[in-house]
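Worksheet for the structure shown next.
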Amino acid sequence: MILDILSWISIAIGAFFVLVGGIGIWRMPDLFSRMHPAGIIDTAGAGFLLLGLLLQSGDWLVSVKLVLIFVFLLFTSPVATHALAHAALLDGLKPWTRRRDKARDKDGEP
Amino acid sequence: MDAEARQGARQGRRAIDLYLNIILLVFVAATGIAAVWLRNLLASAMVLGIYSLLMASLWVVLDAVDVAFTEAAVGAGVTTVLMLLAIALTGRREKRARSRPWAPLAVSLATAGLLVYATLGMPAFGSADAPAQLHVAPYYLRHGEAETGVPNVVTSVLASYRGFDTLGEVTVIFTAGIGVLVLLGSASRRRRNSATPAKGDSA
Amino acid sequence: MMFLAAAGALIAAMVLALARAFAGPTVYDRILAVNHIGTQTVLLIAVMGFITGRPDFLDISLLYALINFVATIAVLRYVKRGRSTADKES
Amino acid sequence: MLHAVGLFAVLFGTWILLSGHFTPFLLIAGAVCAALTVAITLRMDLLDQQRDFVGPVWRLPLYWLWLAGQIILWSLIVARQVLAPRLDIDPVLQRLPCSQRSDLAKVMYANSITLTPGTVSTDVGDGEIEVHALTRAAMEDLKSGDMDRRVSATEAKRTKAAAADAP
């Protein structure tokens, strides 16, 4: 019973973080600032969701697979994000800053 | 759990499946239209990757786990890379079509209509008395593991009962893969050998 | 019920990421969106496995987590070099 | 050789965990597949031969726990910024010094930075690392060097082999 409650709480927190990440991807002004909320999905969102599922699994093989999914995400997501940011910077994309917003110059591909 | 509760749970699950199907199909339609709509071919390739992921999720909802595997590996992985290679060899932007292609549109709409009409003649999804469930399927389910020693039914059917069939498929896929590699290899070699420096694809 | 709430949140986040993938404006925004739709699909399939009581769905989740990464890196390599990965490797 | 054996162990372990069946046929098939993969990896010369990553391994779980705490903390902070009615962000791009010597520790540091919401590493060079932060506060937190020190603490002491490898 306590396990159930704990897992519900964990899943709820995970769902909240996933939602926040989604909103952030839509709301932030440029690529670089979008990466930060997007990262929440991969770490806190996925972590709490999978933890909640883990508490519900009851089978060690299932638990191992859930942990493996999380470990894969933890290893791949920062590499992908880093590669993305690096590639975008090399391509000449300039990060959005407060000053540039006032200057109103736009960048990115037409 | 008593029978009544189990019945309720099953109905609830069916309702969830229905809603998930509807949502995912809407997503699939939206991505499909967007992929055609976008002029930037790179963006189209990205959107097609999403399309494959959504289709794979749809297969999972339909309980076709093995098809979902293939869709994820081939659709989202290999196809995206092949598309990018094709774009690298041609160009990033789609040319604006001059003529309005009414005839092809009519043909595709007619085909789509026929296909939808054909689905009306199919047995209901998952119905127990469909022809597919009556002949060899029960036999495979009952004797599959004992006869082949493979725990997964689908694997035992593919690799054992229809082994020759699968061998043929694998041969075709292997040949196609070699063909693609040869084509790409020769194209990139030609480009490297040509005196003009390969110009970037920034269009 | 909580599984359903999680699935709902994931689908809502997917809608937002889809919108970002369609809107762009740069290729990199789209890649970011694709990558995170991939992650959300992984989580959605895992949650769906628990809703329908078939935890073997987790195998697909695992596969997606890996393929998603490979696809993202392949795309980035192509975009970064302005030409294909085959150019370099063949 | 140690690397090859380690790779085989990891691959075979993954096979067992994912299959969940323990019949002799499937176990042998798994061993053969893992061995074949290792053989191909060796032939393609993909194995990393760097020797210096065997550090104080017992420190890693401690570091991961600390990192998990940081991730949750910064997730909440970034979540509040995302949900705020007016976007109150001030992104900065800056190069910071880093004290790791081995490539592996550098990768670990860069990935830790990226994993923590609010900061993303964008470039890793010799002795410095380029970071994009969502707010100045996130950048200041990183500048304090706390994470940098903790990652370096998990690194191996400089051995002869490592010194020869290092540029």
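Order as written gives the chain letters A, B, C and D; numbering starts at 1 within each chain.
The working rule: a contact is a pair of C-beta atoms (placed from the backbone, for glycine too) under 8 Å apart; a residue touches a chain by one contact, two chains touch by 3 or more.
All values reported here derive from a predicted model rather than from experimental measurement.
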Quick check: more C-beta contact pairs in B-C or B-D?
B-C
Distance-to-centre winner among chains (Cα means, whole assembly as reference):
C
CA centroids of chain C and chain D: separation to the nearest Å works out as 21
Approximate Å spacing (C-alpha centroids) for the pair chain B, chain C:
16
CA centroids of chain A and chain B: separation to the nearest Å works out as 27
Please report how many Å separate the Cα centroid of chain B from that of chain D, as a whole number.
34
Could you say which residues in chain C touch two or more other chains, in rising order?
14-15, 24, 27, 31, 33, 59, 62, 68, 79
Would you give the residues of chain D that are in contact with at least 2 other chains, written as numbers and ranges?
18
Indicate the residues of chain A shared as contacts by at least two other chains.
16, 23, 35, 42, 65, 68, 77, 79, 86, 109
Graph of touching chains, which shape: line, ring, star, complete, other?
ring
Per the touch rule above, enumerate the chain pairs that touch, sorted by label.
A-C, A-D, B-C, B-D
Enumerate the contact residues on chain C facing chain A in the complex.
2-3, 5-6, 8-10, 12-17, 19-20, 24-29, 31-33, 35-36, 39-40, 42-43, 46-47, 50, 55, 58-59, 61-62, 65-66, 68-69, 72-73, 76, 79-80
Complex contacts: residues of chain C adjacent to chain B:
4, 7, 11, 14-15, 18, 21-22, 24, 27, 30-31, 33-34, 37-38, 41, 44-45, 48, 51-52, 54, 56-57, 59-60, 63-64, 67-68, 70-71, 74-75, 78-79, 82-87, 90
Per the touch rule above, chain A residues touching chain D in the complex are 16-17, 20, 23-24, 27-30, 32-33, 35-37, 39-40, 42-44, 47, 61, 64-65, 68, 74-75, 77-79, 81-82, 85-86, 89, 95-98
Touch list for chain D against partner chain B, complex
21, 23, 25-26
What residues of chain A sit close enough to touch chain C in their complex?
7-8, 11-12, 14-16, 18-19, 21-23, 25-26, 31, 34-35, 38, 41-42, 45-46, 49-50, 52-53, 56-57, 59, 62, 65-66, 68-69, 72-73, 76-77, 79-80, 83-84, 86-88, 90-91, 93, 108-109
